[in-house]
Amino acid sequence: MDILIKSGNIITASETYTADILIEGEKISAIGKGLQTNANTKIIDAEGMNVLPGGVDVHTHFDLPMFGTVSSDDHYTGHKAAAYGGTTTVIDFIPQDEHELLKNVETWHKKVAEKAAIDYSFHMNITTFDDQIAHEIPNLKREGINSLKVFTAYNDRLRLTDGEIYQVLRIAKDNGMLVMVHAENGDVIELLVKEALAKGNTSPEWHAYTRPASGASESVNRVISLAEQTGAPLYIVHMNTKGGVDHVRNARLSGLPIMGETCPQYLFFTAEDLKKEDGAKWICSPPMRLKADNEGMWKAVSDGTMQVIATDHCPFFYDGTKPINYEGKEIAIPGKELGKEDFTKIPNGLPAVGDRLLILWSFGVGSGRITPNKFVQLTSTDPAKIFGLYPKKGTILPGSDADITIWDPEKEINYGVAYSQHRTDYNLFEGWNLKGVVDKVFLRGKLIVDGSVWSGKRGMGKFIFRNDIVVV
Amino acid sequence: MDILIKSGNIITASETYTADILIEGEKISAIGKGLQTNANTKIIDAEGMNVLPGGVDVHTHFDLPMFGTVSSDDHYTGHKAAAYGGTTTVIDFIPQDEHELLKNVETWHKKVAEKAAIDYSFHMNITTFDDQIAHEIPNLKREGINSLKVFTAYNDRLRLTDGEIYQVLRIAKDNGMLVMVHAENGDVIELLVKEALAKGNTSPEWHAYTRPASGASESVNRVISLAEQTGAPLYIVHMNTKGGVDHVRNARLSGLPIMGETCPQYLFFTAEDLKKEDGAKWICSPPMRLKADNEGMWKAVSDGTMQVIATDHCPFFYDGTKPINYEGKEIAIPGKELGKEDFTKIPNGLPAVGDRLLILWSFGVGSGRITPNKFVQLTSTDPAKIFGLYPKKGTILPGSDADITIWDPEKEINYGVAYSQHRTDYNLFEGWNLKGVVDKVFLRGKLIVDGSVWSGKRGMGKFIFRNDIVVV
Amino acid sequence: MDILIKSGNIITASETYTADILIEGEKISAIGKGLQTNANTKIIDAEGMNVLPGGVDVHTHFDLPMFGTVSSDDHYTGHKAAAYGGTTTVIDFIPQDEHELLKNVETWHKKVAEKAAIDYSFHMNITTFDDQIAHEIPNLKREGINSLKVFTAYNDRLRLTDGEIYQVLRIAKDNGMLVMVHAENGDVIELLVKEALAKGNTSPEWHAYTRPASGASESVNRVISLAEQTGAPLYIVHMNTKGGVDHVRNARLSGLPIMGETCPQYLFFTAEDLKKEDGAKWICSPPMRLKADNEGMWKAVSDGTMQVIATDHCPFFYDGTKPINYEGKEIAIPGKELGKEDFTKIPNGLPAVGDRLLILWSFGVGSGRITPNKFVQLTSTDPAKIFGLYPKKGTILPGSDADITIWDPEKEINYGVAYSQHRTDYNLFEGWNLKGVVDKVFLRGKLIVDGSVWSGKRGMGKFIFRNDIVVV
Amino acid sequence: MDILIKSGNIITASETYTADILIEGEKISAIGKGLQTNANTKIIDAEGMNVLPGGVDVHTHFDLPMFGTVSSDDHYTGHKAAAYGGTTTVIDFIPQDEHELLKNVETWHKKVAEKAAIDYSFHMNITTFDDQIAHEIPNLKREGINSLKVFTAYNDRLRLTDGEIYQVLRIAKDNGMLVMVHAENGDVIELLVKEALAKGNTSPEWHAYTRPASGASESVNRVISLAEQTGAPLYIVHMNTKGGVDHVRNARLSGLPIMGETCPQYLFFTAEDLKKEDGAKWICSPPMRLKADNEGMWKAVSDGTMQVIATDHCPFFYDGTKPINYEGKEIAIPGKELGKEDFTKIPNGLPAVGDRLLILWSFGVGSGRITPNKFVQLTSTDPAKIFGLYPKKGTILPGSDADITIWDPEKEINYGVAYSQHRTDYNLFEGWNLKGVVDKVFLRGKLIVDGSVWSGKRGMGKFIFRNDIVVV
């Protein structure tokens, strides 16, 4: 049965217009004025509604082991929360737990395939490097994985040396792959953390104090230099400092293929939030910064310095000793309470995959900071283009996957943990009033969210084989 | 009879995809994969061809009296040349010959209506200002004219004082209109011209030497400051200095609604060209600059500092004493030869309306400086948005006017006056080899150019009533 | 009789050291350790005291007619106040009241010669320009006057057009003279003032609101462009906007010979002060700006963007209806009260010549914003160098005029009108606590100020013939 | 016996004037006009000559073991060459050959004391770091050593980690010491060197290709960030990239206490020189860069971004198999020929200590790039201030050491190895024509160079105990 989404206000990265969308099977087959239908066509009246491409979140960590526990959304619950929030494709990171890269890919495929409720792909972390890894990286491309993540922080755990990053960049360039980098200065962090603990500074705000913004900004410049020397494009994840985006802006203005991502949390919160009684809720890495950094990020988002807003979704329970009800069952997963006595033991991460689009629509578009077209570009089209998902994903065009969200622009709600669908016990945006929310979500032509009704299913999400990356 | 453009490679400001376009009447009615047709549908096979929205040239001067002659393209010949070059909408400037604004509008409507072969609109020059003009400006909006042009140069002829420009900006802001400015320092030009002539420096290159780039750059900063003080948006025409675009870039980075336009001639030629024997061909205002300025403009075009590439089309015969054959008749119009003995008497302007898209495709897209999407954005979508023509013009969407160009991406030609259709005796791009040219042009669903065949007609072009301007 | 200033802490623009200074006649003859003296040598023990070159204030307006009154310090009272504040040389502006320049010079010489109590020179205002003036300007150099002031504001009164300023710059360059410019946008000011009065906005703060900072900043860029085109050096007076000094900084970093001056009032006060009941006290042009501008000026002062701190001293009585006692006589001069009902009638200007060094020492050096050497450079050495007074003035060297100030670095006072010696009824720095004040002042070897004792005399000041200007 | 230098043209960092200088013992006792003398005073007529403070070269490597040989000037021959070139104080680097810092200091004292012919001090290299070193660093201050050098390059030999540098900076700040840094990216260099050799790229230009400018620039930003985080001042040695000085300029404009040094070789030569047959002569680290970098350095020197021009003097024979005659003896020391087959074995360094002032005077002052005062500031006064030698060294003032150079401004010579006094077989400035050369040099009142006559002696140079560093 075909579907006709009738008379919606279609919003893409550059256009806003009213038309009908005809879906045949998993694809959009036509867009037009007064498109003809037949008896088998299911008609969805979208007059007065906004119709956007499904969101693409290129930075998630589902079911990720950390500090003796695991991020509390798995590849089903996280996908479901994403879908409720209007996101239909996610890209998750594969840790390099085993040395051989493809083994890790295999593990991750197994972990996800049966659970996936929306479409997905993977980035591969490169956290050890040697000749064998150098040799294996190109093989990832044949697996449909064209993006690699490296770290300048987490000494002795995840960090590569500058020289190793240089080599990964060179290999990536030669193979049409994209290097993503977590840019902080690992040395200084390690030192400050040790000193903080030695002085008994164990409360959550020390997480921020021990990870200085200047080191993040410096590291951004450093990896840009490494990329410049190799000619490789570069993508910097979860940027959150004014100094850092200034480096990216300068690099782009000088013609370098440098791209950057930020996340909703870095647009709204500051290190002050970590001083609250429940400050552990805001613990993630890099940490919250200053108000001036929030402003710097908004500027970078609106002037094109940042191309992507993703989430770095990696939720933990605030109090993992108290169960919550999830799909009818009681569940509790150890979380932030693990670090009650020591901020270095608080699992790093927070829920966001479902919040992203809703929060940005009300507080980005609604506040006039970005246009609706820019919203689509940042959260769907450009991430899809960069990582090789476009035009299958990231837009509304004939031939594209029918991943479509229908938004009620007038509906107002009070947001928070009770509304969002993350499998955790808190939400950072608790109590925020939103105007304009997701009403329906289609994944490849199937209606998986309809108001509060969930029709998605474990296993219906597909792995998306990705091709060449694109510099935007 | 409906038309189906089948399987073309559709290129818009942000998307590239393959689909069919169905045209019903003057409008695009649907875009899709395998759209159904009936016996009455004329099918145009566009497989392997690029399908773009018709070009929008927001800066033309047809039939403009100057220096005792007139620009050699009128509103028919100029429209025809534009169409051959893929442009389907132009905006022409109305001189304020009579004090009362609407009288000038009326004059221009009369001049154009019977001749127009493509769609058109008008900008209104404001070259004298007083309380009456202040009072009349808002009336233009009711005539569908939302843009005003002012000059900081041409003392005692066209120039307004800074204080008058400030007032025009304020009125424009209050009425949702856009001020366009020709920014050069009139005082210094006047002085240098007088001195050059006094010293017997009369050859064409003195046109460039007497109009310094620093004065153009300074004036850009000056009008940005005036706009900033009023809160009005601003559009700077025919920018061509590195210094000037640096001011625009800084203004935009600081959040000001400042926009800028350049023209093909300023991307390729320099003041050196004025030293050639036939240097008069390159005489226009502002004059050609340095190679470094060409580079600065390309950078500004590719990094988003410039939003529009228009033409400032204002052609003259190089030798108006020798007739050319035009539509079967001999025609000669006095031109550049008028200033043989005195560069200040050389009519200012050059042919460009038909060259713009062809040259930019081969030497902008073809050379890798801009993407095909950026090409569409600069030459069609953004100009249409800024001046209130969008989404009627400037894009390919259901509901939009069926102004469509079909390009043969593989066809190679040797360009020049024999190929272009301007009513003049020379072309600046003589002998340039192009790859990728316009094959068919539709104006509101009518095929007006088909290869070398012209089916357009005088009077078929319509005046487009424009609404609110948009800051991009 | 020779004088030996013994064991003082000598501070110059680049050195700080302890030594004796021997004065023979009007000159410093030697500086040394343990210099030998004879019976005729008067010894002044300066141990523990700071010994600095006399201040050079290159921007004063004594006895200047304005708005039907006159600035309340004449060339005697103003010199005396300057001397008490540690300044031993001033440069005053000659208005172009008569068309012929040298006549004005003659007038000013007559006005000053009998009154002068410290050394002085003149700048010449150029407020009308024609061929005759162009011809006369070089003659000023033969009179020892090498600096010309022009205005971009005060339409129809003082303003030259951009083209005229361009010509003045060219003449100055050809004759080794320096153009000084008052940079505001005259057009916008004129318009806003007219509109403010029409709306009944007559209170002092409207003086600030009608002279926008953006116009001042724009004008700075404009005159820099004019200077750049002529190759002439340029000196911008009384700068007070962050935007303006950013233009100067950029110009200097690109190698242009652009220099700038600010004044104490622009480092400490804002437009908010004009809202006070006695806001008229702060009325001068350009007006006070924002806190961010104060900060911008301090940065420009400390990073070398500004080379000079002068005063623009031009005092008026706050209430010219109430006499004050001056040297034993009652005196009242109409002042700020003239504009009680209309801010445009408030005489523009304020007392400062005596405050400058005292305030800057306590709140510039004392607060750590500038070093003692920088203090000397900004207030004595660089102004002397720029305007051709050096090394006669502006430093402590063998052969230099013995213009020397001895400061007591530990003495604390409460400053204000009762302490300062201006002939007016108020002081902007009323009640400020200072640490470090002038104790003794020598003018060409004569002790003219000794604590509170004044030994200066009318007529003892000499006109200083100035030679080539210097770009610093 | 006293000395009177009569009627010379005295040039200091900020003043130029004519006066006599009286030297009593080792000190300047007075400066004056027509200073009186007695029968015991030796009078040196300096009329028409320039009189400058002796040069201070804060970056030398005498008698430094490297690559199986040693730098060919020892602490006598190098001092003598320095003196001939007008330099009277040097600061040499102590390698951390033994772990305990003070042992190395002791070694260096022994090495130098008997040889020193001019005054000297030491910087201490910190090339391994642990708690013991952290503890020992403050002890250096008691030895009169207040400066520490660290490296971001030379992995596994000299490099400290970022975290270690951070700690050294913190200790330095707490103890009023200054950290100097050699800033290149060690990782990338190591990798590129290995790859170059593997590919058989062994000729001298590969020294430049394997040490990218971008890595140097990045490292500068990195160490600035580390300094910013600790609040410590920072001094970056031998800067030679446009990108690097841009970082320093920005840091200084934002108020950070960052300082930089360049060397003559980086103002005149490029990587192209390494391609010459005798390219090994130009091998030093960091390597020669591009013409654009030379220009960037000149700009940085003239706009105040760089405060010091030193030399990094570390000479080697070009052909150490052929003896030269030095003070009457044949001497040969293995040199550049060691790396004939492998650029990594070419000793890094070149002769410069004697060239510095002569070359800079003719090609810096003589060419108009810097003023004579700036020359003194860069080569004597500011280095003396920064490292705590001032006002004993670095200026001409009563009480200062009588380290004085007398220059003949009109004398012209053809420069090169035959004129300079380095103990090596080549000179980079061979054949350059100089105008203005050192005629006489006084060290603490003793005439050690008089034209071509050398009166200096081994052991007459004194170690200078240094106090607090100063940020300029």
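Labels for the chains are A, B, C and D, by order of writing; each one numbers its residues from 1.
Here is the rule we go by: a contact is a pair of C-beta atoms (placed from the backbone, for glycine too) under 8 Å apart; a residue touches a chain by one contact, two chains touch by 3 or more.
The model shown is predicted, which means the values in this text are computed figures rather than measured ones.
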| Among the remaining chains, which ones contact both chain A and chain B? | none
| query | What's the fewest number of moves from chain B to chain D, given that each move must go to a chain touching the current one? | reply | 2
| request: Calculate how many whole Å lie between the centre of chain B and the centre of chain C, each centre taken as the average of the chain's C-alpha atoms. | output: 52
| field | Where chain A and chain C are represented by their mean Cα positions, the distance between them in whole Å | value | 59
| query | From the C-alpha centre of chain C to that of chain D, how far is it in Å? | reply | 42
| remark: Multi-partner residues in chain B (2 or more other chains touched) are none
| Residue ranges of chain B in contact with chain C within the complex | 161-164, 166-167, 185, 187-188, 190-191, 212, 214-215, 217-218, 221-222, 225-226, 228-229
| query | chain D touches which residues of chain C in the complex? | reply | 12-20, 22, 27, 29-35, 249, 252-253, 255, 299, 303-304, 377, 381, 391, 395, 397-400
